[in-house]
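Take a look at the structure set out below.
Think of it as A, B, C, D, E, F, G and H in the order they're written, each chain with its own count starting at 1.
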């Protein structure tokens, strides 16, 4: 423990066991070089409340396996996001105890180490169309791993707005709302106009042509005329969940 | 008349009055050259149902006055669009009988030559915020000049969606709807999800930052998840009115 | 019925059967909650005149089959758009009675439930080059499913403008024109300068380099100097057909 | 008071003082059309916790004065944002009791109606450079009007990162952090890597050339490698404050 | 032959062999609908000096074969551009007498119908790097098919500018210069600063990252500080050759 | 003369007058250093056929006056382009013998030094709308200064295409066509489909919204489906004239 | 001094004058909170070799005066960049001893505190056109303030490339080259192809239309086909000078 | 050896063994056309200090083999960059003595001809995340081939900034720093704020959505608020190494 190490050093000086010059050279670079901490940021959980997570997109199965194997020995739930089907199967075959969630493209391990009940209330995860569900699910699973309760309301886009009104109880009850939409990305504005809870908006790459892979939805969300909306990167269900966990934390 | 000219030529050849080589050179370029049409497109009204209109943006007061003066002698209503306040006053001072509409930035003359009752039904002009009203008014005045009935519903944006529902009678009654919105441009999608009438969507440059002068709203409208929406250029209330007049024409 | 429900509530208070506090909590969220509408928007046909259609792009064959199977039991024609060849074959193999239109990439079922003769007149579908035909066909088939008559004029782009003039009868007869073009997207401007009917312009992704997948054509269409043009998303033949059906509706 | 008005009405019915039909007609449009205030959304405070605010950017002094005068008679603090110096002076000269905050470009009225102590904790407002201060101040004043405590840490950008570390107590104590930065927009990533609290990131238009009026900063913030960040529109200090108020609400 | 057909018709009328009405109906659609070839624009060669060419990019082998077969019976050289290797082989296997040029991705037929010696002088085709050669070759082969002489100077980009100076004789002798470059696209500016001949600049998609598929090179060329440069679409060797042929025509 | 210098050097070595090391250092940098050329590129006329021209946009009246004064003593016509009205008056007041062309924003001096009759034929300058005329005039005046004959056809845009057909004689007679258009920029495609002459297309910044200051027109022109078109920068009438002069040169 | 403070603390512990707990709390945040250092980063000079500089663009004369006054009491040269003429005069009038450089838009004070002779060699500052000179001068003055020798070569753009070759001695002698260019931004590529020294490229906003305020030049420079080039922001002569000073430092 | 060849020639003249005319013809094209190697720029090493390198991206294995074979007979190390795994294996199988570095995607040959110890000091290569390593390795290997010492510090991104501080010794010791980062690209700003050495920043295409293939990172780096940063193209580890080699050269 950092503090322990520091205290020991100071007590050593105090006791005369450690010379000032020796302590000087030890302390000069501190708290930067903390021996033993590789660049795998095990410290992050303490600092930010969110453990290190494997970003699977640009990694090979072999790389994911290697990192996951070492993380499985740690004290936290293990997550790898953006793992496609093929890699997901390969990793789970190599490391027993992992489970792969195809729609959310997430691998989960050390599930028993999830600490439940981290939230002040329920998180509502709302999405506009069925094609937005994978991104919404990425958010849901991440929240569950972080110990937050989730309730889903899917396929409630603005083209048939009564479907949204049918979710009124959830909209009013949730302490935070994640709203996921592609195409024209109008849903977060409408939702934020109806509720008191903060809305974390997630544009998705669903659409074509001038959807520009989610940019149209993103721009709509950033320009929301309803206050109480903030936005994350396109398709970033994971990031929305982290933001939401930070908001909802007891 | 084209056909007459052609027939005459052929009969000339048939009669031996016109040599083959002479006819050859005459026909080689045909059907391109139709003499007699000046560049002031007086013919447009006949062809497209919409008279020539003065686009005032890049023209000086002097230029507008000169063109308007000549058009006032014609058989149609005279309109100049995108005329700022200063130019509007100057033009109206110079040419009695013109009236300047400040909010819509339109000059109208020959008002008595408007032929009323051109539409199959009423046009609904809906806008999201008060800042969108000038563009909506440009559409309304244009429609009135083209002889169509208009009913307005302003400031009914999605951030307080009950305001829109209060307009349900208009939404259901109109044969065409013009929906004007800036910022996230979500209103046309919501409206189109509620009605059978075609929706002509007009993005406005209202907003800031990532609104990019109306591009965010435009992109939202082009990506509308509700069918029955088509879009015109940013701030183009005039164009929306022309499209609507063509749609609504008896 | 909303009004009935409300009246009943008020009468209950008036009669002393319902306490003020109970009514307060009931009315606070009103008029939002209208129970009973599932998220499959069967109500859409009633509201907007256009039945729910399966957007096949991001769906697997299995998903399309499942949705189509349930919709085949309904009262309307069944359509799935943006279905590639492979998925098209798979779906039609699984569900007898469906037909796959390869060029238009559309699956059609319940064809006998198409209600013909919905239009005020004939729709003209015009395209600039042979590569634009798939998008034009998506529009044509959609219109046919919605009960509108269609006449095609293909490969009449501006580089050989006499080809367009040969279609003058169609241009003049149609009540609405869908004009499809890629590359420089100039055709809608030229057509709109010739006719009274409204022009629904569809940019296509045909082209390369600075065509930017249809953006060049889109921008040309939005900036049309001819009035009476409105635009839909790139390659969105389906959307153009819906807009057109709304316009052309008797 | 909305709730008071509603309760009074219901009690009137209950007491037999108000007839059902009379109440029907009163409630039918409710909560949309209340008396003379057109579409001014007085109901918003109840729904979303944030009162209607005047967006001053596109409004004339006269328009702001007119709206502010009517709102001053209401029950809430009155705010007008994005009011430049000239308009600010004009409005305050016309309506005694308003105060203009030059740096934040905000007008405040009915200050005595601010309800203090709305937050679960203190909000930290951090900005990177001195040029970002106006946006940060817009956020601070908005939060104060909404009843939240604010502590500022300004000019702590990443080019001299020890300045940020000097704010560690605030970073660790705040329940929410608003982080404002222009140019390369790196500050939110660094802050979010240090804290557990959610970070609401605000890109500013400070910079030049490839800063593209805040787009570079926006993109950096959307791509933050640190989880727990969400973003609002460029220069949108008001929006960040609303999001933060929703998050921090008791 | 167009002219022949027309002359024959006129002579038939003149001789009294063809009735005026018969000729009327033949000529009314002329030069648009000639016999069975739908809208294939055989008239283009007369109008613009450049025969119809098959754009192979979006066409299947089958489509190319069908069109090429019919064009082979015409009076002109047959060209198909942007034909990839696989399609090239398939088409040449199906239609003997065609030859496929792999690097230029062009199929040529009716080679004996090329009319040589169409140019006022030699065309210089210069390219910056070896990766630009395919585009340069598309230009060269097109020019050869149109009857113009070509001399090549390849791999003479500005990073080793002495290589360009070694081509000074060609630069000074050519009546037109086609300059092909990707990456920073600087070569046309340098060349145009050295010569009197017009420079047709062709940006290529060679590069990566901020090359944006040729946009960087295109923008450089459009902003050339040297007068006497005009630009065609990215990778459009064919278009550059057509422009050049029009310039160089005797 | 380069060759003379080189030969002298080699002969010096051969004769033993120059040491190898001395020659080494002389030759190492060769062929780069050619002394004697000041940075005012008086040599340009010889090299490229186009004299140095003052680009007035970013220069003060004082700077223009100073440069023009020195150039007036030279052997060529003096031109300054992009000179606004105010600067134009100031410069002409300071230097007698200059004339300012307001519409074209060009100053001309040494007019008697224009060498007429430089062209192989007449240049046609065609523009789409009246707002495009300043750019067209910049091209016309530049051509006249370079000694080429010009014929204008203005306001012949595609929205009333018969106006263009009325210019058939010019289109067919011109050896080069400059086609100027803003908004959707469709005119060059249509013109190029009608003629044999090369078309130099000039996009203008006329338009609004998605015209993006001429980018829409530029993109349309670069994507022209008609061969024989090349494009210059937005509003670059001067550049189009230089390209055209190079093409048309005897 | 940091080290002194630390050593004192440690010696205090060693001597028993400071308790471990007291030291703990002092050291816990270290080296973040160094008392006495306001956010004016006086420490920067030590860390990065470049003193804090006032970025004048978004600051009022009053703000610049206030900051400059306090910095004049320090040990370093005082610089304010991007100060327009009006502000420059106001600041210099208020604070005697400052001098304003109009073209470079820079204010300099404490000139006697410049430490000369910081560089390993001479820096060459090369620019393409006369309009680029202000940016080049910003770089030159900054370098002089940082103690580096500068030699200029202006107006040597690629349209007349012999002008560049005339600068060969400078190009070969300089230890670093700053190359400034707008429009097509080709100069850095050509220069980097000729020399061994590193090239720091500065795009300028000189140009129009598709120059996009310097983006075209920037993209050209980033895509340079010649190795040994790196780029700074548009118009960022100051940044180029700082990079160069770091490179050239003895 | 270039210099050797030249010296030999000159000595030949001096000795009277070579005639002036013979030497003239040899030297006229020099240093461009040397024997059979077309435009392969063997002279580059002399001019710029960096030998010609094979850009493998757009070349086939066959092309790389052919060029590499000829270069292996030269005097320099042979490098091919951007060679994917498949091509790498094929080339190495064909030409013994080459080695393929998979992560860096580089082929190296003539390794014994690397001249070590070219640098004034050590180069630090720092990258933000593990996905950035391939680009960082491209830089490292290139530097090693150019004879510079390299020390790596990988996976030290700003989300856990203590990891960066742990590298302080390297940051302070290096004469030049290459800083590689994707996503928000914040690392170069932070590093440049800590050190005196020049920072060559390399954006990578790591990220998704609004990362836009590295554009977000690029823009952040160009807008760095810390002086002493210059930027190369996205993923351009090779270019960063060349710039660094030029900076670090003794």
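As a working rule, a residue touches a chain if its C-beta (ideal position, glycine included) is under 8 Å from a C-beta of that chain, and two chains touch if they have at least 3 such contacts.
Not measured: the values here are computed from a predicted model.
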Subunit E and subunit A - chains in contact with each: B, C, G, H
Selected interface, F-H versus E-G, where C-beta contact pairs are more numerous: E-G
Equivalent of C-D within the choices A-H, E-G or F-H, defined by over half of its residue contact pairs recurring: F-H
Centre-to-centre distance between subunit G and subunit F (centres being mean Cα positions), rounded to whole Å: 37
Between subunit C and subunit F, centroid-to-centroid distance (C-alpha), Å: 48
Subunit D-subunit H separation of Cα centroids, rounded to whole Å: 50
Per-residue overlap in subunit E, given as positions that touch at least 2 other chains: 44, 47, 159-160, 162, 165, 192-194, 209-211, 215, 218, 222-224, 226, 233
Every chain pair meeting the contact rule: A-B, A-C, A-D, A-G, A-H, B-C, B-D, B-E, B-F, C-D, C-E, C-F, D-G, D-H, E-F, E-G, E-H, F-G, F-H, G-H
Complex contact set, residues of subunit E against subunit G: 128-129, 157-161, 183-186, 189-190, 192-194, 207, 209-212, 215-217, 219-226
Contact set on subunit G toward subunit F in their complex: 130-131, 154-156, 159-160, 162-163, 165-166, 168-169, 172, 194, 206, 208-211
Contact footprint of subunit F on subunit H as seen in their complex: 3, 6-7, 10-11, 13-14, 16, 19-20, 23-24, 27-28
Complex interface listing, subunit E residues touching subunit C: 29, 31-33, 38-39, 41, 43-44, 47, 55, 57-59, 63, 82, 203, 205, 213-215, 218, 233-236
List of subunit F residues in touch with subunit E within their complex: 31, 44, 47-50, 53, 176, 192-201, 218, 222-224, 226-233, 238-240, 242-243, 245-247, 249
